[in-house]
Structure formats: C-alpha cells, structure tokens
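In this document, chain identifiers A, B, C and D correspond to the written order of the chains, with residue numbering beginning at 1 in each.
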Amino acid sequence: MLRHNIMKRLIFSLVLVTSSAFGQLQPEPTGVIETLPEQWPAHWIIAHDAAFFHMSDGKFIVLDADSDDTNARFKGFFNGAFIPQLDQSKSRPEMYVVETFRSRGNRGERTDVVTIYDKRTLAPIDEVVLPPKRASQMPNHYLLQLVDNEKIALIYNFTPATSVSVVDIVNREFLNEIPIPGCSLVYPMAGRAFASLCTDGTMLSVQLDAEGEQASSSRTEVFFDANNDPVMEKAAIVDGIAYFPTFLGRVIPVDLNGSEPDVGDAWSLVGDEEGGWRPGGIQVTGTDSSGHFYVLMHPDGYEGSHKDPGTEVWVFDPETKRRVDRIALQMPAITMGMTRDDDPLLLVTNVNLEVDIYRVSSGEYLRTLDGIGAETVLMLHGSE
Amino acid sequence: MLRHNIMKRLIFSLVLVTSSAFGQLQPEPTGVIETLPEQWPAHWIIAHDAAFFHMSDGKFIVLDADSDDTNARFKGFFNGAFIPQLDQSKSRPEMYVVETFRSRGNRGERTDVVTIYDKRTLAPIDEVVLPPKRASQMPNHYLLQLVDNEKIALIYNFTPATSVSVVDIVNREFLNEIPIPGCSLVYPMAGRAFASLCTDGTMLSVQLDAEGEQASSSRTEVFFDANNDPVMEKAAIVDGIAYFPTFLGRVIPVDLNGSEPDVGDAWSLVGDEEGGWRPGGIQVTGTDSSGHFYVLMHPDGYEGSHKDPGTEVWVFDPETKRRVDRIALQMPAITMGMTRDDDPLLLVTNVNLEVDIYRVSSGEYLRTLDGIGAETVLMLHGSE
Amino acid sequence: MKWLDGWLDKTTESSVRGISQKTSRRGFLGKIAGVVIGGAATVPLLPVARSQENPAPAEEGDPNSCEYWRYCAIDGFLCGCCGGSMNSCPPGTEMSPITWIGTCENPADGKSYIVSYNDCCGKSSCGNCLCQRNEGDRPVYNPRVSNDINWCLGTSSNMYHCSTAIVIGTALDE
Amino acid sequence: MKWLDGWLDKTTESSVRGISQKTSRRGFLGKIAGVVIGGAATVPLLPVARSQENPAPAEEGDPNSCEYWRYCAIDGFLCGCCGGSMNSCPPGTEMSPITWIGTCENPADGKSYIVSYNDCCGKSSCGNCLCQRNEGDRPVYNPRVSNDINWCLGTSSNMYHCSTAIVIGTALDE
C-alpha cells in the first residue's frame, strides 16, 4: 500500500514539476513514516489524554520524559475513543486499548473493542470485538488487566450489572463473560484468575479454566467498611500484593499470589505525622522496581477530599511498613504514574493539567512536558 | 422511549428512597427534556465549532445573541463530525448537517451522511447516506446548498475528482451524482439547477431533471484570473446575484436567476480608500434583509493576506456599487456571519476565538459570547 | 457523572500561581451582573420558598454555580449551563433513568435531601460549568454513590453530555 | 492541509491585547534553549549545506518553526512537532500521495523551490505547532495550490493528523 502510494505520488510529482528545473535537484523522498524501537527507553512514558471535553478523541501520547526539547520528546500518539483504558504487554511489543465507538459518533450502534497496537509503529494491528458493556468511567488501571503470563486480557463491565469479559489476547479471541454481582474491577491474581472488590467489604476471587469459564470462586471475610473508611480501588501492587489506601489514610495489604486473596493487617500511612494528611487524586498510587510504593497525599483532609489534588508524594517500604521518603510537588497534582527502571521518574499531572516530571532519587523537579497537544491527561504510564 | 425511561426511573427511585421520609416531599419530576420554539427568535444564532483540534467532535451551538446571561443564552448544541457543513431550511423547522463518520473513530469504514435535525428538539430525525466523497475542507457555505424550493440538497464532492451529490431532501433519498470536472462547489441557481466555479476562470451551470440527472449544462466566458486576481469562492448572494470579492479588492457580480449564470461588470470594493485594504478571512462575506452585503476587510494587504484577520466590516449597496457603512471591530476577526432580520447583528469570531456581536445599525459592539464550550468557531449562522 | 476534580476549578490554580480570578468564578459574576444590569427575563433564580400544599425544598443560591447546595456529590457539566436546568436536560439529549445519589444539606432549611444526579446523554461533552464535589462519594465498587461512573446507562446512547441534580426525597436523621 | 489562519498564532493576539509572548514563539525559544543548554543529541537542525554530488537545497532556520521557509503556503500542524519531521510522518500515520504545492524562496540560496505539502493521515489532529501561511495559496477551485482542502486523499483513512513540506523541485524564474 505504502509503496503503491509512493509510486502514485512520484507520477504526480513528475507531471507537476515538468516546468521546473527538475534535473538540478534530487527530490526528497516521500512516503517516509517514522518508527519507534521495539524496546522503548526506560524514561519514555505514555500520557493518557482522556480528552474530557472531546471524549470521542482520546489520545495516548508517547513522550521522552528525559528530554527538554519540546519537539524531539514527542514521539507520536495513538487514539483511544470515549475514555479508553490502556495496558501494555511486557512480553510482546504490544499495547491494548479498550475503547467504545458508535456508528454515528455520539449516537448509533455501539461497538466495544480491544485494539492491539504495535509499539514499533503506534499503529493498530488487530482488534477483538467485545460485548458492548465495558465500564464507562474515570480511567483506572483495574478496568483492564492481563493475567496468565499475559495470555488473557480481562475487561471490567458495568451495565450497571457487573461482569468481566475474558479475552484470549494472544489468539485475539473473545472467550467468555463472567458475572461478578455486587463486585467491581479486575485485580490480577497468579495464574488464570482475578479478584474483584465488593460493596459488602469483601473481595471475590475467580479462577478460570482453559476456555475462560469460571472454574471456581471464593470470597474473603469482610475486611473494610465501604462507607466509613472505604478502601480506594486504586491499589499499588508490589510483588503480587495489592496495597489499598483507605480514605482516612490506612493501607490494607491483600496478597493475590495464592489461589485466594489473603488479607493482611492494616497499617497507617500517616503514622504520627500531623496536619490531617490523606491520600487523594485520580490515580493516587504508583510502584517502582525496588519494591516501594508511592501515594499522592494532601493535608487537611475532610469528607469528600479523596480526589483533591495532592501536594506531596509519599514513598513507603511495605516490608517495614514505614514511609521512607516524601517528595514535595512544586505544583499540586491530580494524578500520578512512575517509570519502571532503577532510576525512576515520578510523573504527575498538575492542577494546570500539565505533566510534571520529578526524579525520585533526589525528589528534584526536572521539567514540565508542555506543548503536547493534550486536553486532560488523567493517567500517566511508564513504558513496560 | 422517553416515557418508558421515566417509568423505569421512578421505580428505581422508589426502591432507593424507601428509607427516607418520602411522604414529606413531592419529588421533582425526572425525564424532563427542554425543547425550543419551531420559529427561533431572529437573534438566535448558530456557532459552528469545527473543533479543529478534535475534528470528530464538531458542534453547532445555538445561542441567543441578545442575551448577556451566559447560561440563559446557551440553548444547546447538536454534533457534526469531521468539519461538517450546515444549512437550514426556511420552509421547514429542519437543519441539515453533512458529516463523515468512520467505523473506528479515526479509522475504519467511512460513512458520509446528511443528518436532518429538528429545530425544536436539536435531535436527529433522519439521515441520508451519501457516496463517501464529500469534500473535506474548511467550512464554506457552498459545500451544501438547497435548491428547487428547498426540495433538493446539493453536496460538493472532492476525491480529488469533483462532483455534486443530489439528494431529495424532502423524501430523504440520494438521487444522483453529477461530475463537474475542473469545477468546484455548488452555488444555488433558480429552479433545479446549480453553478460551480472552475479553475479556468469560468462558471459551469448544470440543470437537473426530475430524477436529479443532468438535463443540460453551460459555461460562461472566462471572467476571472484564478492566479493573479482570483475571485474568493466565499460569495455574498443578494436576490440571486452572487457577489464574488477578489483577492485584490474588486467584486464581480454573477446573476444566478436565469437559466445560465450572467456575469456582470466588476467594480472596486476599495474605491479611492487608501491603506491597501483587501478582503480576508475564513468566511469573508455576509448579507442582510435590506439587500446590502458585507465584507471583512484588512489594511496593508499583500500576497497571502487573503485569510488574515479583518479589522473592519464594510457594508455595500450593490445597486449603487458604493460602500454605505464601515464597522470598526474592537478586535480583529477571522470569520463573520449575519442575522437575517430588520435590525441585524454582525457576528464574528475574533482572534481569541471568541464570538463578538455588533449591532449593524449603530456599528456598536454589544457583547462577547464567551463560556460556550467551543474550541474553534469557524462559521457563524443567523437562524433562518 | 462526577468525574473531574476541583483541579479544573481554577481556584486551585489561582492560589498556586497567584492568578486573580478563576474562570468559573468569572462566569458566575458575569451572570449575576447580567441579572442585575440586564434584567433578563430568563434569570434562573429559584423562588425562595414554595407553598406548603406542594412541599418542595426551600431554596437559596445559584443553580448554575458549582457551590450550589444540590451539587455536594456531583461530577460533570452542569446542565443549567448547557441549555437545560438543574433538573432538566438540554434539547435533543436523553435523561438517564439510572443514577447515583448524593445526600446534601440545604442551607435554606438545614435539612438534608436525597439528590439524584441524572445524566443527560447522547451528545458529546457540553463543556460548560464543569463541577466536581465529592461529599459522600464512594469508590466505584459502591456504584450507587459513586460519581466516577458515567451514568448514561439505559439510554439509547451512552455518550455523556451533562448532569442534573433532582431532589427525590428527604434524608432521615441527617 | 493548510486551513487555519495566523489568528491562532498568538502574535496577532499579542499585538491586540499586549500579551508579551506568543505560544509558538515560546515553544521556539524553549527548543532553542534546549539545544544550547541541554545539548540534546536529537537536535533537528539541518546541515547548512549538502554535497554537490547529491544536490539538495542549502538550509537555514528551524523546521519546527512556522517561520521556516518551506512553510510559505502550509496550513496545519507541523509534523516535526508530532513525532515526524518536516518530510516524514509520525509513527502509525499514512502519508497522502496527493498534495498541494507551494513555491517558496529559500533564504539560504535565494532560489525558489517547489514544495509538496503531504499530509499525514489516519489519526486525529496532532494539536502541536499549528501553522498557517498563505503565500501562493488560491481558492479551492484551484485545488493544486489550495491549502483549505484536507489532502488526506488516497489514504486508507481521510482523518488529518499533520503536514509535511517536501522539496520536490526547483522553480523556474522565480
């Protein structure tokens, strides 16, 4: 196709430039399309512009967070429609976007798909059509997860009945839909299994068989109060253990490595720190490769402050259950992400909706990635 | 459908509010949807937000240009996808939007349609699927026109071969496609006919038969130089006579009332005015109900200034071929429109991309219609 | 839909950057000025009280301001800025029959009311008067009180346009 | 695609409202600062001249600035700000084989060149470095020299993303 187009183009040019001194100049090549490396540098990131004011036109923008050159750091983007959700494969140069289309833009027949993108070209290479039920809500990592060594993609549905779509993402095939009444979201478990958070304060776990059908399920005891000190669904997962911050600043670890979720003892994120600190934001947690987790925090918390911008990011060692660092933000932030390397960057969207970059090791503000053509960056992903 | 939803809603509410002191309060009605009058007030306007940064999500925003109340003047909007084009019926409470959809947002199968909107509800009531060839370009009134007492809608196609799609807009039926090689756009002629501007400096006219097929056609003599002083395609049409401004500030009248276009003598818009004034902008002309036409003008013109912002709007009487008024803009404008009543308003998009309103009779700046959630308002329509 | 944070409310930005006025505040003042100076007939201010025969909550405040009492748990574009009102949808949209709920205290009578936030659906984002408040908001696993969810459900299109705030009852012991 | 006017170039706004710097100028200065201070290896500045064996226009200026000589008749987002370059498309897009043409004078050698503005297609608007200049631009009835047209034609999708500026010849007697 491309070569064909180049040929047509050249024929067109020759006709056109007949009257110019064509022989004096080697015409520049046309049809050149840039490509990206299969393995992205560790500090390339993906900014998810949910385009809250133009939801049909969401974007995942690939940026080099190390670069001060506005243009050189912009690597390109791929689209995602109507508040899509992204996940990246670690084992294949692929990314997955769950998105919704309608036959007439904002109206007409609905089609939900997982679109598979090639990291080298940022082009769609395949898609799997889903039941038109995927949850339409604020972005959240646990709307789309890969399990079973990245063979299975799980998509959370909300109609408002809740269920999970099971997709064989290697063979690009929808397998099955698993109802999870009273429960929400998908947290990855070991093997071919997932867990969900339930309104009654429990966690459901579901084991899948080879065909993606439910093989078995189980429930934990009640371990949180969904009204008075609810866990935030925006867990940080370190070594298969999900750390759920609560509205009031506790954290509850749930080990997802076994055949059933294993709820551990809650501990306080705040300790004896004064000032009414609480977690808050859109995406409030992150993790790094060293086993620490990060929480976006604000002072003077109150009922309803759980999505307020954070002024600091606190770093916790889950082994010692202690805060090991705090990073003061130069401007409050609404959402956060991390790179996954040994010298990680903290990525945040500040209250001006710009993307700010900090070096974790020093706590230093490095730069603001402005000029990226984004409207509302609500999630920030380090590249996998 | 609506009533059905209301019932469902009420049942839902009753279940929910069981535990509250329901008897103490008359619940407010749900399911109420606002409607608009069939005949809109003369100073309601339609701002076309082409959403240049999010083209799939264009909007036609209905505003009361007389109102200083930001919220009360906002009457609602209807969508239009990928730089759509609008025309309004004078004889029916309908509006027509030519738009383009793809099955996967920015990719996949293309579908072009004329969507028919009800002015009372701002809801789509029907559509006609077109050959997927409609011209994708900057908005221009002559991409979509109604002829034959509003029985026929004509849509300009560019692939880059040029043609016109003929639609029976009353019976919602695509009739035929008329090739117009070397020519572009559709200018309404009397009866079932249209004219087009041609690269060679002529005008083509096409007469249609009952089935929308070409019955006959004719060509004018060469009457403009497409390179050295081209006519702007953005004509003002008064009493069936199209007034084409030229780049250098002449105007060429073409009478479209007969069976063939009748080219009149050119005259100067600028006269002996000094300062290098020229027409310029996106939509550079307008008309009022008294037979005057209006041109957006800028001083110090140069090759390439024909889309520069205008600082004044000049008012011409085509009978006397003289300027009868000039309206100085408080901020330069990129595009203009008019209301169609006896006390007309001049509507412009200023260089900050806000909509400014002027009273023509006094030349007075009245207000800026900000807070309309628009990105790039490129066309302004008075209501018909 | 209660999605976005107060971070789009430029108050936050103002306090950080020292900018003098927030966008929505300017809009609010502009509108009030319109009422006082222009005397427009379409002023959406509500009656201060209603008759006892048809009891309805006493009202004070501007229903197109994010600070208005009914919006204590809203997230989205206020329909009153979009061609609708606090309890009606703009032309050409469809009201979702399924909603999330807030419990908001009315400053005019000190009582708490159950507010149903019905989304208006089928057109793209209204884009005006974005408002987010999270009092009583809970995570999406508790959906009836979660404003992170697009509640355009049970409508012919799930595209979100704006949100209403409809009083459907009084809350006990609040 | 050469669509939008210099009116989105905030120079106009600046001169009107007294704002000190335009957005694109800031981007330009920011980038130059990056070159000088950061010393990034990916600086997109072109060689000042090329060998005579493979003649190409001598170059000066910043290909990501709207003032760059090749853009004399462009209208759209500069691909060099979008993950491509002045003559290549960003990843995942498709280059239109059909174009409009400009005739631009190169300040480095005083010669005029034929520039083909190939659009990159199939993704939504890049949104960066919007640039419109209209030298030699003519109305849409003269399409080969009209930048009002979306030239994403002959591609699998007609969605416009950004524009390149590719030198395809020298112009006679210009």
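Definition applied: a contact is a pair of C-beta atoms (placed from the backbone, for glycine too) under 8 Å apart; a residue touches a chain by one contact, two chains touch by 3 or more.
Everything numeric here is computed off the predicted structure, so don't read it as measured data.
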Using the touch definition from the top, list the chains contacting both chain A and chain D.
-> B
What is the distance, in whole Å, between the centres of chain A and chain C, each centre taken as the mean of its C-alpha atoms?
-> 29
Where the CA atoms of chain B average out and where those of chain C average out, how many Å apart are those spots?
-> 33
So what's the Cα centroid distance for chain A and chain B, whole Å?
-> 41
Could you say which residues in chain D touch two or more other chains, in rising order?
-> 98, 123-125, 127, 156
Touching two or more other chains, which residues of chain A qualify?
-> 53-57, 79, 105-107, 124, 373
Among line, ring, star, complete and other, which one matches the pattern of chain touches?
-> other
Pairwise chain contacts under the document criterion = A-B, A-C, A-D, B-C, B-D
Flag every residue of chain C that touches chain A in the complex, lowest number first.
-> 3-8, 12-13, 16-17, 72-73, 98, 122-125, 127, 130, 132-143, 148-150, 152-153, 156-160
Within the complex, chain B is touched by chain C residues 27, 30-31, 33-35, 37-38, 40, 42-44, 54-57, 64, 77, 80-85, 87-99, 101, 113-114, 116, 118, 120, 123-129, 144, 154-156, 166-172
Write out the stretch or stretches of chain B touching chain D in their complex.
-> 52-56, 82-83, 100, 102, 105-108, 110, 135-138, 140, 158-160, 183-185, 196-199, 226-227, 230-233, 281-282, 303-309, 331-332, 334, 351-353, 376
Provide the residue numbers of chain A that touch chain B in the complex, in ascending order.
-> 51, 53-57, 79, 81, 99, 101, 103-107, 111, 113, 115, 124, 127, 373, 375
What residues on chain A touch chain D, complex-wise?
-> 1-2, 5-6, 8-9, 12-13, 16-17, 19-22, 24-36, 57, 59, 62, 67-72, 74-79, 117, 120-124, 371-374
